[in-house]
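Two complexes, one shared chain (subunit A), two partners (subunit B, subunit C).
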Partner chain A sequence: MIIVALVLAAQVAVQDPRFERLDPDTRLAVVAMIDSARGDGLPVEPLIQRALEGATKGAAGARIVAAVRRLTVDLGTARTALGTNASGPELEAGVAALRAGATPQILTRLRTVRRPPLTMALSVVADLVASGVPADSAAAAVLALAPKARDADLVEFRRAVERDIALGAPPGAATSVRLNAGASDVYSQGAGPGAPQPRAHRP
Partner chain B sequence: MRTLALIVLACAADARLHSLRSQTSAQFEGGFSEVTYDGFLSSAAFSLAPTVRWDHPRGRGFIRLRGTYLGFESGRHSLDASLNGSWFTPLARQWRGELGMAAGASQYADIASFSHGQVDARLHRMGRDRGIWLGATLGRSSFGRGARPATVVAMGLWILRGDKTMFASLDRSIVGDTVYTDLRSSGRWSTARLVLEGVLGARVWSRGGGRGVFGEGSATLAVTSNSAVVMSAGRYPTDVVSGSIAGRYVTVALRLGAIGVRKRSPPALPGYAHAGGADGSATLGEMRLEVAVQQDDDVRLTLFAPGATTVDITGDFTNWQPVPLSRNPGAGDAWGGTFRIPRGIHRINVRRDGGPWLAPGGTTHSTDDYDGEVGVFVLP
Partner chain C sequence: MFEREDDVVERVIQQLRRPVTIDPGLDARVMREIADAPRAKPRVWPLWSLLATAAVLGTLLITHPWTRADQSGPAAFQFVFVAPQAASVSLVGDFNDWDPNRSPMQTAQGVWATVVNLTPGRYRYAFLVNGVEWRADPGAPSAKDDEFGTPSSVVTVGGSGS
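The block that comes next holds the complex of A and B.
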């Protein structure tokens, strides 16, 4: 088994010179995990990038291995929630949403209410949470918009919320207000990034 | 209202108060309001609000059904319906139990409706002219298809002094991951024809629930035995459980039907559970990234870094190799580079003058797995 792993590691390392930036022990562990992930049908490029990110940032080998392992687990969780047909970017966005606080059930529900790709919708959930919106509020907002809104509409929604937050609005209130204010005007009419910015209006 | 019902129950020996009770009563209220919901411009609105209430003959409980139609000058409208009630156990020494329920739904414009359902239990220690209570509420609050658990723990007290009643309460609400605490005091003074009510409160210790002071006041002037003029104004906080958005209002209304002690509900715009709290500010305002898709997978990254002498960028699109950016001609603070970046979600870090790797403004900041932070952006 060890020999096989060493051979595999050596083969991948030969095939992909990027692994030369990892020390031998780390390279061995990472390559083994990546090979396992590939066998499970998970996208491996995000795993490679996560290892390279650690190398660039001077992380210890154990940290890099742990980061790759964690990402492997999260990608698996995202794929279970989003389905086996989910693309690599969708799974990466799913991981971002999960790490932001969304539950696998939310990802599954999003898959049922919106046609793929779900990358942007999932990213907006993560972005809203990063802006201070509670995770379940962010998820509820995106789920409410998801059936009809285009990706550009979701981006505009996120921008509007972030703008309101920057102006001092509580994040969740900004989400709620933008959801209500824009649902019947902006989002259902497909305003894109080039469209006029939504303004406060009468209820 | 439930506390008022309890006070009536506490004073059941008082024939004057007890005589006000009737088994079934109905009211219809129509009025005009000037409302300013947070995030909206102010608007005139008219309201129609029927209410039916049943009271146990001996004051052991009540059920109330209320509907509200609000028409705004924009032509949009909101609908709200609520059902709530309470049942009180017999007094055992000075203790009384209460089991309550509440359910409601609201709808505004053409967005998904809001609904909630909850049950609550309270334990009251009753005095003839004062009382305290502890309570807990469990339920669910839903916006569209998304439901969140709602839990409220609360405590309060009331004091009755002749025709004046004073209340104070402290409650902690947990709706999903939104939590907040409301401190609330209120007073009520009633005469034969006039009822004055006021509320002053503050929302504190909030994560996602917003913060601030709120207050409302109302005056109900009985015109005849079956009609009254109600004037009210104030500011109320967002109700995460029922989904109403915070706002200010001034209302004049005519109430027809049984005229008694009622606390007027503010005109609430259905929304969905709200939040608040974090500042959401960028952590690296002096370096900001702009992303411009050119053609195919070519993407122009521009980083604004005032005062920098060198700027490096790294990310999953460079295999995390540091790449120096070039200063844009004619724009001293702008640095740029063109990269082949496929659609999808990407991670990026930048540094200036050989400093630490940071997440630039213009991206979503996220903790990385290496005790630092990383910027995340999406190419649609």
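The block that comes next holds the complex of A and C.
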């Protein structure tokens, strides 16, 4: 039964018209990796998107294959850290946090202090690091906020830190100041400016 | 503005300033009317209506079970890019299979914009200017793990109110 399901899934993957954007050799390698990932219970859509990104950007086949392989490994690491119940978006965000410098232990710790989904919390860690905040500072800040803050609060925290950095504050100091300024209390009140908007959001 | 010379206005003002006399028995009459009004009998819901309500609630729970918050529906996100000299700008990312033809942006005096519905998740994206030039979104976090040598940005759609 399982073998039949895997065979059917593989056929679906091969027949996916999106793969026609890859050259034949790359397509074979990517489809094989995707089938393997599916067999391991990993989400495959992020792998497909990474391959399509490479194709659209005109990357060489070897580079696309390497990117998909690396993402497969990192998704597995994220799942080990976040648990088998972690959703696809959580695993993707976990990969981003890991690549930003967060350790698997931080991901596991975050899982214990915050109710799922962890997608936003993990992404904020990655985004803060992308803004120049040291990985350990970003992880510590999100871990401190995570138990009570809403997703919108975490986004507002990230934006506040980014604003301070843009105004010239050192990234680590900006994170500490925002955290120590009672950010967790303010944001956990639910009165933050990041409340759901009825109109279109901005990234 | 009122003109105090106006006779009409003056008469209105005088009328308003006249003390109003109220019948001393008014309160008593009002209270008597209230007391005499027929009272609504408390309704007792029959058993069948309670069972019907329970059946409807049960059906709703079965057909719409509680799910994890990150499986909620899509939300509209607006993407904006300023490029006064561009002839075309496309939004390309994980949400449209990196297909430049799926989300062409509309311009108004050099400000390009489009709205995309996104379900909770983390998405990488970029703007493709004139079909050849990849640009990141200056208003969004950058994707630091770009493996294809061109800039990308990240948008994360949360799914919880926690």
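Basically, the second predicted complex is superposed on the first by the 176 of 203 C-alpha atoms of A that agree within 3 Å, B and C clash if a C-alpha of one lies under 4 Å from a C-alpha of the other, contacts with A are read in each partner's own complex, and residues count from 1 in each chain.
Here is the rule we go by: contacts are C-beta pairs under 8 Å (C-beta built on N, C-alpha and C of every residue); 3 or more make two chains touch, one makes a residue touch a chain.
Owing to the predicted nature of the structure, the values given are computational and were not obtained by experimental measurement.
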item: Fit-or-clash call for subunit B and subunit C when the two complexes are aligned on subunit A; value: clash
item: First, second, both or neither for A:V133, with subunit B first and subunit C second; value: first
item: Which of subunit B and subunit C A:A59 touches, first, second, both or neither; value: both
item: Contacts of A:P104 with subunit B and subunit C, given as first, second, both or neither; value: neither
item: Touched partner set for A:G76, first subunit B, second subunit C, both or neither; value: neither
item: Chain touching more of subunit A, residue-wise (subunit B, subunit C); value: B
item: Touched partner set for A:R114, first subunit B, second subunit C, both or neither; value: second
item: A:A152 touches, of subunit B and subunit C: first, second, both or neither?; value: both
item: Residues on subunit A lying within both footprints (that of subunit B and that of subunit C); value: 18, 46, 49-50, 52-57, 59, 63, 66-67, 70, 88-89, 92-93, 96, 99, 119-120, 123, 126-127, 130-131, 151-152, 155, 162, 200-203
item: Subunit A residues touching subunit C - in the complex, by the definition given at the top; value: 18, 46, 49-50, 52-57, 59, 63, 66-67, 70, 87-90, 92-93, 96, 99-100, 114-117, 119-120, 122-124, 126-127, 129-131, 150-152, 154-155, 158, 162, 199-203
item: Residue ranges of subunit C in contact with subunit A within the complex; value: 68-71, 75-80, 92, 94, 97-100, 115, 120-122, 124, 134, 137, 139-145, 147-150, 152-162
item: Complex interface listing, subunit A residues touching subunit B; value: 18, 46, 49-50, 52-57, 59, 63, 66-67, 70-71, 88-89, 92-93, 96, 99, 101, 109, 113, 119-120, 123, 126-127, 130-137, 139-141, 143-144, 151-152, 155, 162, 164-166, 169-181, 183-184, 188, 200-203
item: Subunit B to subunit A touching residues, read off their complex; value: 35, 37-43, 45, 72-74, 76, 78, 108-112, 143-146, 148, 176-178, 207-211, 238, 245-246, 269, 271-281, 314, 316, 319-322, 343-345, 347, 349, 357, 364-366, 368-370, 372, 374, 376, 378, 380
